[in-house]
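Working notes for the structure below.
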Amino acid sequence: MDKTLLLKLLKSVAEGRVSADDGAEKLQHMAFEDITYAHIDHHRSLRKGFPEVIYGEGKTAEQITGIMEKMMDQENIILVTRADPQKAKIVLSRFHQAVYHADARMIVMELNPVPAQGRGLILIISAGTSDIPVAQEALLTARAMGNEVDAVFDVGVSGIHRLLNHQELINQAAVLIVVAGMEGALPSVVAGMVDRPVIAVPTSVGYGVNLGGLTALFAMLNSCSSNVAVVNIDNGFGAGYMAAMINRE
Amino acid sequence: MDKTLLLKLLKSVAEGRVSADDGAEKLQHMAFEDITYAHIDHHRSLRKGFPEVIYGEGKTAEQITGIMEKMMDQENIILVTRADPQKAKIVLSRFHQAVYHADARMIVMELNPVPAQGRGLILIISAGTSDIPVAQEALLTARAMGNEVDAVFDVGVSGIHRLLNHQELINQAAVLIVVAGMEGALPSVVAGMVDRPVIAVPTSVGYGVNLGGLTALFAMLNSCSSNVAVVNIDNGFGAGYMAAMINRE
Amino acid sequence: MDKTLLLKLLKSVAEGRVSADDGAEKLQHMAFEDITYAHIDHHRSLRKGFPEVIYGEGKTAEQITGIMEKMMDQENIILVTRADPQKAKIVLSRFHQAVYHADARMIVMELNPVPAQGRGLILIISAGTSDIPVAQEALLTARAMGNEVDAVFDVGVSGIHRLLNHQELINQAAVLIVVAGMEGALPSVVAGMVDRPVIAVPTSVGYGVNLGGLTALFAMLNSCSSNVAVVNIDNGFGAGYMAAMINRE
Amino acid sequence: MDKTLLLKLLKSVAEGRVSADDGAEKLQHMAFEDITYAHIDHHRSLRKGFPEVIYGEGKTAEQITGIMEKMMDQENIILVTRADPQKAKIVLSRFHQAVYHADARMIVMELNPVPAQGRGLILIISAGTSDIPVAQEALLTARAMGNEVDAVFDVGVSGIHRLLNHQELINQAAVLIVVAGMEGALPSVVAGMVDRPVIAVPTSVGYGVNLGGLTALFAMLNSCSSNVAVVNIDNGFGAGYMAAMINRE
Amino acid sequence: MDKTLLLKLLKSVAEGRVSADDGAEKLQHMAFEDITYAHIDHHRSLRKGFPEVIYGEGKTAEQITGIMEKMMDQENIILVTRADPQKAKIVLSRFHQAVYHADARMIVMELNPVPAQGRGLILIISAGTSDIPVAQEALLTARAMGNEVDAVFDVGVSGIHRLLNHQELINQAAVLIVVAGMEGALPSVVAGMVDRPVIAVPTSVGYGVNLGGLTALFAMLNSCSSNVAVVNIDNGFGAGYMAAMINRE
Amino acid sequence: MDKTLLLKLLKSVAEGRVSADDGAEKLQHMAFEDITYAHIDHHRSLRKGFPEVIYGEGKTAEQITGIMEKMMDQENIILVTRADPQKAKIVLSRFHQAVYHADARMIVMELNPVPAQGRGLILIISAGTSDIPVAQEALLTARAMGNEVDAVFDVGVSGIHRLLNHQELINQAAVLIVVAGMEGALPSVVAGMVDRPVIAVPTSVGYGVNLGGLTALFAMLNSCSSNVAVVNIDNGFGAGYMAAMINRE
Amino acid sequence: MDKTLLLKLLKSVAEGRVSADDGAEKLQHMAFEDITYAHIDHHRSLRKGFPEVIYGEGKTAEQITGIMEKMMDQENIILVTRADPQKAKIVLSRFHQAVYHADARMIVMELNPVPAQGRGLILIISAGTSDIPVAQEALLTARAMGNEVDAVFDVGVSGIHRLLNHQELINQAAVLIVVAGMEGALPSVVAGMVDRPVIAVPTSVGYGVNLGGLTALFAMLNSCSSNVAVVNIDNGFGAGYMAAMINRE
Amino acid sequence: MDKTLLLKLLKSVAEGRVSADDGAEKLQHMAFEDITYAHIDHHRSLRKGFPEVIYGEGKTAEQITGIMEKMMDQENIILVTRADPQKAKIVLSRFHQAVYHADARMIVMELNPVPAQGRGLILIISAGTSDIPVAQEALLTARAMGNEVDAVFDVGVSGIHRLLNHQELINQAAVLIVVAGMEGALPSVVAGMVDRPVIAVPTSVGYGVNLGGLTALFAMLNSCSSNVAVVNIDNGFGAGYMAAMINRE
């Protein structure tokens, strides 16, 4: 954060030209640090309740560790998404608290315990074995944001009784995340079973007219159940983040 | 049918230059009548077991009745698909045996009783109220081809128990036709419940990323159930025809 | 609802073969009424906390009033969406409590006061004049489901200060619905200003590469803000319903 | 399979609270085994008449062999599709009965002879040399399911007499699978020659506006022959499975 | 044509500053007349061997007759394509030599006999009844350009023997135009039967994944026969024009 | 070619049951050889005037040489398209007469001189440096089929005078092939300069909304010049083949 | 504009709590008036140098005149785009200074003379007769913004010499707007002739693979000339506005 | 450049048949050099004010250096775009004045100082870290063409205050280039803040329905701000070039 900017603001408050409330609000919005290749938004956790997440794709391991170093003084937890094993290895060699989740391709570095924030259970349901990585990304994100999270994997609609078997657990959830590729039908069925918000996550799993996940995405947006909203293809992180927002007390 | 062609062929058979079997096969393929705007394939019911169907869209009422007149001497039953009410009115005023099914936009003219041909029950299941016209087109087609047909309408996946309630009837079917728009999820769920072939029919019902039925179509082609094959959007006729082919003894 | 089914179930409970709890759960799922062209799900408001909504497009005024008559004994409020003025006129002539909202193309029939259910304010923000109908559909839906709702219209991103002017109201919302056509940028900007869930609704407003709303939809799914989930193009009803689900205590 | 669930069910039957018939049906649906990364559906061959097939893409060789080990006690035949040579090598080193078909990328492990189940001949016809792998996948699947299968390869429509030469064999088939890439015209021509159901399989063979097989797919869905239904691009397995369903006595 | 421009050029030739040859070539390119809403290219028939054709869509009847009046002093034949009946009626009331072909939506005004120009027969083959309007547009264009033209209609690939019946006529053609909608398979089959150039014309006939003719277009571009080139959807005029160019001595 | 088939036919002719003419025609169509992975159409050069071309993509070097060996006894010239350098090296090591053209990725094996067949000059014009490989494929194909061919490369429309400089050569051509990627504008401009048929070849050269050549393809199909027909993206071979067909005496 | 907001701001300035400069800037951004269905941005002409333009599509004549009444006290010129004749008639009946340009579907109401603002000539070039409406919209917009504008219509690339004839005028332009449908090739050719910025406007003129103007749009974005930037399909207004921005001294 | 052409022209001028002015203009257009794989347009910098730029993709290092050698006698500055590190290494080893910018993948060889040409500041704004390479390409291009350029990176719309912080710098720009991937919203917001032309550059940054940059592109073309024009996806060079054209005095 630019110090001169900060000083100028605080001076205004001190001299009564800006009220304390206004000063706080301004601070909440303007604070970030420029390290050439990124603006780090230090006050983001103040404003949004959660620090900025590092999107690993297209960043070098050096850029990732550089950003992590700047963040670790001020945050309780740091997440890196879409980190491949090579980059993760370099990052972990530098930070002993960092843990790599290979299936979700995420690095989680918990520096201080994250306090519980959610109102109820976030339940993650996925259709096939190949959808698990995306489901795991959602699970780790929601947990990192202080939520109780549970999961049921591999309960696709071609064997509907596998899903119905979990009715009890499904009824307990406050928010549901449903992950599916192929024809993307699972969110419609699950949403029809509950009176809770369902975040649907299409995955790029499939071939031919799966069209890289577009078919599952479009199917979910056309859901005949109304308690469904959708995030981008393979966006497990976004689903976990959105569910945590909904679940916040 | 061109008489000279016919005579030439018969002469060859008479003189032993063509065997009776070969002559029959040739006849089966070559017989049609040219009435300027259409080649009518008279021997088609001989070759395919069912007369050519008149696709009403883009034909005038006069063209339709013209073709019907040529066919009625030789066929037991005549179907006209995609016939709007105006055309149907004109056609019905000319043929007292013709019946118009407004919801399916079909004209059925049964001149002689169609003998039962099927091995078992063809069951038609549709997802929403708006899918019924396409489902009816399938139903009338399969029935016209000599099959026992039953139907369950409005059992979409957002209320899965409505579908499960019909499990018994579903188990009795030899072939199933499943009609759905929106996210097109119903065929996957139904196919997971049976060990019979399922013909899936996407409809153009929906809006936004329904894309005129493409989403339902692609979802059905990506079905996680393997006993599913698909026909074109809104092609109730094709589904009924294909189901009848499968059900033939 | 099929009486024999109901009787059979109750008998089982009476005779101790089914527990009261199980009986209740079964009832919650199976209850619906078949009036040929629709399965009416009477117990839906029991199961989902809100009655089934009548999607007016593709239904005749007679079908709509038929369904309404069956529902009105059992529900406090009935909604009909996508009702054009002609159909609305017929419906209103039959039910004096029904009100038609022309801009949102919705009929609202409140038979008994809907109790307040929400935790906080649902705020609806729309980008341009032409997006208002969709925004109104969301507003009426969320209000019908017992929520406090407020709205800010015509604050597109090409004049960012119009939006920033409403920061205070925006900060008060528990859930936000952001409606935009054209480039669909508004949800990203709004979501960046709050730590609350944002439901984004793309509209088909625009021309050329707007592609009937696909561009706005895709832009919203690619939002660089993570507290955004998306519903189908022009689906104001779905957004209002989802927001009400999230806002439920 | 969860034992407690099973015991609970059997107890109910024993005590007369559940009839034997109902118990059998319930068992047929609920039986599966959870091995972390997959729900194995042991009773599937009971319910569907054929064991679940292992889709090899995106699974490790270890996951594949893990699933195979769990299945081999209970099944006569196990199929793995989309298995690349590396994975196949590992799998074959573990199971001496397993055979790898490199062109179809399938592993077939026949533990006990599969009894003949089909009513008639399944004939597979493919258009070009490059379509053979998909055709082989269909052939091996249909054969593994107990059918008599024959094939004619490389008879594309640009030399229509090559196809007509096989008229006699074509006439003998009970079900036909037609595999084609490029313009996808072959199913229309073949279906016009027979009065039997034709399953069309588009392949991704081609370049430019082939669009990865979409052109062949769309062409087949638009077939001017009505006895055609279609499966996903390159889905030889699905075609073989569907044909076996149709051919079942 | 701008007279001053012409005078300036001729003066240059007269004074020897431009050679006669160069002058002729320049004239051939530069000559046109500006009547506000159109540049009429008078010398086009000199340069291209055929006058500019009037594309009727989007032009008023007044604009069409205006252009025709300017052209009729200098041309033997004038064609107007995509002329609807209302416009045609107005045009015909003004020019007694003009003839309207309703099926092809073309106006042909032959002022002087067009001399025969072609090397051989142009044969037009179309797949279905609905493709005839496009085929007729091609036929009238090629004939207007001085070619001998013949046609075979309604010989789609679902009854391949109807096509094979015309082998003799097909063998006589110097250039072939093949018109088809739906799956667009006919050009591949026809091109495989001859060693002559085939111009393929996709039509917008069909529904669902016909995609307004895109499927037929893409299928034709992917033809497995190499003696095929393609024009735009429904572009019968272009096909006739191109065939005439090829057939020119 | 199957000998028994041949003998049977000849016997029929010998015994007068088939006329000599009919026998010849039948032979022309039916002759091919089945070597498991391909039907080789030996009499194709008889029927089409040019041997079948080997499409190298997706065939192994062994398959290619296998087919070449079968063909070389009966043909004057053999072409292999889309042959990468590795395969070419193997093929050339086996046939000393074979020549590899790296830019066009073609193998040409001329066993006997190909007689001149064309009526006039085939001129190939390409827009950019990157379009040259496709242009070369067209050039080699047309030359192999006995035509005089010339070429002008790198004359894109952004410097229109480079093209106009070649007007004289352009005027001499009997048939033109125009190759372009990016916006695909060159065929329209060239076709406007001549009264000869133009075969347009879109290439996949470009990025972004080039869409792998679709943009150039669509632009060419929308050409405002009428003497243009189009082949598939990057299909230099097809363009050369079609041009040779047109140029045939 | 909300008076209380304004008063509050001015008071702050009066009392020295806000500087004059800051006050001015704030006013420039915040000033707008809320008339229920629209926020009118009164100070926009102060901030952007040109008043907000009324997009007529989707607004009623009453909404249009309502907005015009609010604007006319404060602006020199008011533009309404996409106004159909019916709405225009109503608007003109209310404002005698308003002029309707039917071809461009624009209403121009000049209340005071617009001062000349441009550095040089803006030249508008269009390809075909059907592109003129879009070209006129660009012309009227640029002229309304105080620029000298000239135009050349109907100079498509299929007759390149028509365009070259205007070289002199083209050389004089400071900014060029090039309007084209079909293959969209004209901007590339024009941009290659000048060293000035070219704004390309694709139109929806064409059929088949024109795809409603997408083909022209994509072709222009792929232009091999670098001095080209593109606006949305049929967006003549945007092109005129952008050109005026570029031409501003 | 062809000497005979040049001599012929000069002779005409010498003998008074061509005026000096005309001669100059002709020279300006016709001069280029043919080195087999490329026409080098030597007089381009005369005609367009800037030499032709070498597009590195698809050219070998040898072709690049070959072209550079031909150009370096006549130009002050040479640019190579889309040059990967391998090619750059070879090129730099040959020309000591060449500099490689790895992030922008550009080689800049400044042989003589480029004189300042612009009227004002060109400001480049980019949304995310991953958009920087494209932004750098724009920056280097505009600078190489003699402009003062400044840049602000990583100011995406999800934190709108980061952007507003730079208002002062933004107000100083004469032309703005805005680079963004994902939802492509930044150009709309920036353009709403200024009364200057904005060139928008979509990037392929993102995943899922980003569609390789199409979403950002379409969003930008649908901008609700009118002072925006767009270039192809990832076309930083084009944006820099267009901005320089606009900024030219």
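Chains here go by letter, A, B, C, D, E, F, G and H, matching the order in which they are written, and residues are numbered from 1 within each.
FYI, a residue touches a chain if its C-beta (ideal position, glycine included) is under 8 Å from a C-beta of that chain, and two chains touch if they have at least 3 such contacts.
Values in this document were obtained by computation on a predicted structure and should not be read as measured data.
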### Summary
Shared touching partners of chain C and chain E are B, G
### Message
Just to be sure I understand the contacts, which chains border both chain E and chain A?
### Response
B, D
### Message
Farthest chain from chain C, going by mean C-alpha coordinates, please.
### Response
F
### Query
Of all the other chains, whose mean CA position lies farthest from chain B?
H
### Query
chain F-chain H contact: same residues or different, taking over half shared as same?
different
### Query
Considering A-D alongside C-H, which chain pair is linked by more C-beta pairs in contact?
C-H
### Chain centre separation (chain B, chain C; CA means) in Å
38
### Query
Per the centroid of Cα atoms for each chain, what is the distance between chain A and chain G, given in Å?
42
### Whole-Å gap between the CA centroids of chain B and chain G
54
### Query
What are the residues of chain B that contact at least two other chains?
159, 208-210, 214, 217, 221-222, 232
## Note on the structure
One finds touching chains in the pairs A-B, A-C, A-D, A-H, B-C, B-D, B-E, C-G, C-H, D-E, D-F, E-F, E-G, F-G, F-H, G-H
### Message
List the residues on chain C that touch chain A in their complex, please.
### Response
47-50, 53, 195-197, 199, 217, 221-222, 226-233, 237-239, 241-242, 245-246, 248
#### Entry: Contact footprint of chain H on chain F as seen in their complex
129-130, 132, 153-155, 159, 161-162, 165, 205, 207-210
### Task
Using the touch rule from the top, collect the residues of chain D that touch chain E in their complex.
127-128, 156-160, 164, 182-185, 188-189, 191-193, 206, 208-211, 214-225
### Query
In their complex, what parts of chain B are in touch with chain E?
29-30, 32, 34, 37-39, 41, 44, 57-59, 63, 202, 204, 212-214, 217, 232-235
